[in-house]
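Here come two complexes built around chain A, the first alongside chain B, the second alongside chain C.
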Partner chain A sequence: MSVHGREIVRALSPARILVVAPERWRAECELHAQEGWRFCGLFATSGAQQPRVSCVLARGGREHVLSTSVPTGILDTLVDLFEASAVDEREAHDVYGVRFHGHEPLRPLLEHPSDPAAWTVPVQGHDPYQVAVGPIHAGVIESGHFRFTVVGERILNLDLRLFYKHRGLQTAAEGRRLADGLAYAARACAACSVTNAVAYAQACESALALAPDRNLRRARTLLLELERLYNHLNDISAICAGVGFAPGSMAFAALKERAQRLNQRLTGHRFLFGAVAVASSELRIGHVDARAARHELRSIGDGTRSLWRELRFAASVQDRLGGVGCLTRDDALRLGVVGPSARASGIEKDTRSESPRLAYGEFAPVSVARASGDVAARFDVRGLELEQTLALLDDLLDGNLTTGAVKSLGGADCELGVSRVESPRGETLCAVQHHGGSVVRLHLRTGSYANWPAVACAARENLLPDFPLINKSFELCYACADR
Partner chain B sequence: MNVQNVIAGVVQVAGGVLGGPAIMGLIQHLKARMQGRRGPSILQPYRELARLWGKSGVMPEPHTVVYAVAPAVSAGGTLMALALLPVAGRAPDWGLGHDALVLVGLLALGRFAVTLAAWDTGGAFSLMSAARELMFSVFVEGLLLLVLLLLALPLQSTDLISMSHAASLSWVWLRPAHWAAALAFCLVILAETGRQPVDNPDTHLELTMVHEGPLLEYAGRDLAYLQWAAAARHWIVLVLACQLVIPHPGPFAAQLAVLAGGLIALSVALALCETVQAKMRVLRVPQLLGLGCALCLLGLASWFGGGGG
Partner chain C sequence: MFVLLKGLRHARREIALSVPAARGSLALRHVDAGSCNGCEHELAAAANPYYDLQRHGLNIVASPRHADVLLVTGPITTRMVQPLLIAYEAMPEPRLTAALGDCAVGCAALVGEQAQLAGPLERVLPVDLRIPGCPPNPEQIAAALLDLMREAKQRVRADRSRSWSPQPRHPAAKA
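Coming up: the complex of A and B.
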């Protein structure tokens, strides 16, 4: 095997699983935190007799999974080491009954008690009052309940209550064959369907010690970037709608429609459903179709650039974006924010640059000139990323694409596979535990799931009527957070 | 009572009752076209009103008489305002006079009734929007009064009919005061009709609502009254602009033609303004209206500095 080959094998090697004793759990996590490992997700499993809790950490493209059994039902919390784990611990408590020592108060997440005091942050004083919005909204929006504590127009605190869309997808996938489990991950949400499916497929392949060939990598990268294209166009349109700038909103919605029609032509589905499979790819694009797609993408790119320029010079639009919904770099790091929102706050991280299973080559995350973490910065990041995506798509469609497959890495099977993929909203983690080719536990932690706490943080100290705009600048999914 | 007065009376009432929704429909239609959509027909507001008129009302519990009478007060006040308003420099005497200050009061009455209704039911959205509406109204009413004051200066009268004659005098256009009033009136139009950049009439974002908020709980015929009042407000403000600012000399028929042309031109201008402008941040709206007040004060200073009329 060549030196190059060995490097690839090392890069593709599965996540290291470290089984620790319950009493060593916190100490081991603390050690990782000190060594600069980043928290990527925490999940519980029911286990044979007692629940198990696993925590996924990443550093420089490598993943460690710390795993422990919880014989007493109580585990030390990680919330002071990684604040991002707060939501995960609440979910583990609500679904698997694991309690976390030191996580006080452990507010319910999936449970929806009727008493607001049970799930909201108390705010002291005489003047604050609460404005409750949703879960049923005036527009076509998914179900989410926002409870604002405000003084006048100023938002003091925002409590989110999501998880109205719990479909038990993860549990439903248990016991299915690995190849069939993909549908459960993919259907968690339409707008991130490809990301979730690719994350699932890669987690399976990682567990089975399989490596994708060049075609498979190209096909998946192509699908991921097509997904990003229409999502980013949609998000820019949504931001324009948020400031009441209908011409921008309509024009970008029209471009998004063109991107989705291209999806339909290339894969047979506007949302790219059914184009990803475990260990193979059936996606075929001939020379002629690839050339036509490239042509259409260039035209979409030209349209995007000219509209983008117009938005840049629309003073009334730009006036609304700056200084609103600021998420500082410290807050973003603390809350474990991922994706365009993190990059807008000056965290130059993009999972695409550490994805050896995909065809990103020497990918560098975008950096915005003014990473101020406000709506304007998140807007700019999307514009820059669109350029990147269009360039990537242009490269990927150079030549035809035939079916892809996997080859064995020669390693032993591993019972747990972990994969991280960059969705249009940020890093999505998928962990698949299997036994004899059947899913034992599927855990999906999407970019939206990771970023929801950041919305509440960014809304603080802003004006209530600016919240829809702040919310749209993150443009997170509700469904793929709940699944 | 001559024929011209009768025609003016018919235009006043029929135009006010039926013309308001048409203006809204026209603006909606033009906006959609400018944004690259096909858009609804100009008649859509009538269909909406007809639909609401045929539906039974639902009242939130608990509510008091304040909530129940608000639509009637709002619509009644608007109807009275229509009777005050001269068209083509004429208006029959409906027994209400034609004083500009009464008009300001009637416009405020509608707002007051709806705000009280929001308070009555205590809905978070209604109260939030009502609070914004009141905050804006502090500035809008002040601005409207200042503008009317400036326009009353040439003939030293707040009678709407004589103010309307004043607009046709050629010499008022040599005065900076009239220009200042004309510019400030543009802001009054935007604010009173609840259009962008002040408010977004199409929004479905609950948290950004201003005028729509207090109407959320209403249904059926009550909502029809309130929506009609909002549409008639368009008519009132635009007719006021045509009468008090735009010159309309000549015979009665010519004046009517100027009015019709002016209404269409202003509707196009509103649609255009709403297309090229995003909505303003809420707390910047008072600054914008304050700018109008400053303009008016400058106009006032120039008037008296120039030695008065």
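Coming up: the complex of A and C.
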């Protein structure tokens, strides 16, 4: 094997699983934190006799999974090491009954107690009052409950209550064959369906020591970028709607429609459903279709560019974006924010640049000139990423595409596989634990799941009527988080 | 602004909705009861310049109090049953309920006997219209709603002709 080949094998090697004793749990995590490992997710499993808790950490392109059993039902908390683990620990408590020593108060996440005091942050002072919104909203959007504590119009605090859409998809996937489990990850969310499906497929392949061939990598990258294209167009349309600028909103909605029609022509589905499979790809695009698709993408690109320029010079839009919903770089790092929202706050991280299982090559994340972390910066990031996506798509559609497959890496099977994939909203982590080819545990931690706490953080100190705009600048899925 | 409006005119010129128009209007209120967000995307897309549902009198309204039709998506999670029933109760009569998408209709492949689900919709509310599809595309949504509008109009006309028929209200008065 050549030196280059060996490097690829090393890059594709599965995550290292470190089994630690419960009393060493916190110390080991602390050690990783000091060595610069980043928190990617924490999940519990029911285990044979006692629950187990695993924590996924990443540095560069490598992943470590720290895993421990919880014989007493209580484990030391990680919230002070990684604040991003707060939501994960609440979920582990609500579903698997694991308690976390030092996580006080451990507020319910999946449970919905009727007393607001049980799940909201207490706020005291002169005349604060609460505004409750949802779960049903006025527009055509998903269900979730927001409780604002405000003085006048200023937001002092926002408490989120999600999981109204909890369908139990992760539990429903348990016991299915690995190939059948994919649908549960994919249908968790329509707008991130490809990302979730690719993350699941890669987690399975990593566990089974399989490597994708060139066609498979190309097909999946193409699908991921097609998904990003229609999502980013949709998000720009949503931001325009957030400031009441109907011409911009409708023009980008029309571009999104064109992108979705292209999806339909290439894969037979407007949301690319059913285009991803475990260990194979049935996606075929002939020379003629690829050329037509490239032509259409160039036309969409031209439209996007000229409309984007119009929006840049529409003063009534731009004046409403700057300084609204600021998320500082420190807050973004502290909360473990991912995706375009993190890049808008000056964190130049993109999982696409460390994805050896995909065909991104020498990918560099975008950097905005003014990473101010406000709505304007998140708006700019989307514009820059659209350029990147269109260039990638043009490259990927150069020539025909045939079916893809996997080859064995020659290693032994591993019972746990993890994978990270960049969705239009940020890094999505999928962990698949299997036994004899059946799913034992499926865990999906999507970009939306990671970023919801940042919405609450960015909303503070802003005006209540600006919240729809702030929310739309993140444009997170509820379905992705609730599963 | 000029370029934006020109672009919109261009998009409107190739409007592809092939369903026959109907006279009248329906006020729609959407409730997401656990969908994957696909039906929401397509319902919102029905308002984009390519479909423009409003020109057929199909308006999405902000409150169930203003609505004729409750459009429900998703497999009805247990946590959404109560809000859904409150929204239904808030609607003025006569009111109609539509199941939008395979999950709400009850034919979705993935929706099994999960403890977190109370659906499909017909287990929770009376269903007047079923719009299958995963998700149904904007044109299918428009076609189904326009059919419903025609049907509702016929029903109202039939009811009106019955109540206005020149029959004496009290048979005893004849004698």
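The definition used in the following text is that the second predicted complex is superposed on the first by the 482 of 483 C-alpha atoms of A that agree within 3 Å, B and C clash if a C-alpha of one lies under 4 Å from a C-alpha of the other, contacts with A are read in each partner's own complex, and residues count from 1 in each chain.
Assume a residue touches a chain if its C-beta (ideal position, glycine included) is under 8 Å from a C-beta of that chain, and two chains touch if they have at least 3 such contacts.
The structure presented is a predicted model; accordingly, all values stated were derived computationally and were not measured.
Touched residues of chain A were counted for both chain B and chain C, and C has more of them. Legend: residue contacts after superposition of the two complexes on their common chain; A:K165 is shown touching chain C, with no touch to chain B. By the touch criterion stated above, A:P135 is placed in contact with chain C alone, chain B being left untouched.
After overlaying the two complexes on the shared chain, residue contacts for A:A254 are found with chain B and with chain C alike. When both complexes are overlaid on chain A, the residue A:C189 reaches chain C alone and has no touch with chain B. In the superposition on chain A, contact is made by A:G242 with chain B only, not with chain C. When both complexes are overlaid on chain A, the residue A:S306 reaches chain C alone and has no touch with chain B. By the document's definition of touching, of the two partners only chain B reaches A:D319; chain C does not. Shared contact residues of chain A, touching chain B in one structure and chain C in the other: 138-139, 247, 250-251, 254, 314. Residues 31, 34-37, 124-125, 128, 131-132, 196-197, 200, 202-208, 274-283 of chain B touch chain A in their complex.
Every residue of chain A that touches chain C in the complex is listed here, in rising order: 112, 135-136, 138-143, 163-169, 171-172, 183-184, 187-191, 193, 234, 247-248, 250-251, 253-254, 256-257, 260, 270-271, 273, 303, 306-307, 309-310, 314, 477-480, 482. Interface residues of chain C, counted against chain A in their complex, comprise 1, 3-5, 7-8, 11, 30-38, 40-45, 47-50, 60, 62-63, 74-75, 77, 79-80, 83, 87, 109-112, 114-117, 134-135, 137.
Those residues of chain A that touch chain B in the complex are listed here as 129-133, 137-139, 152-153, 240, 242-247, 250-251, 254, 314, 316-317, 319-320, 324, 463-468.
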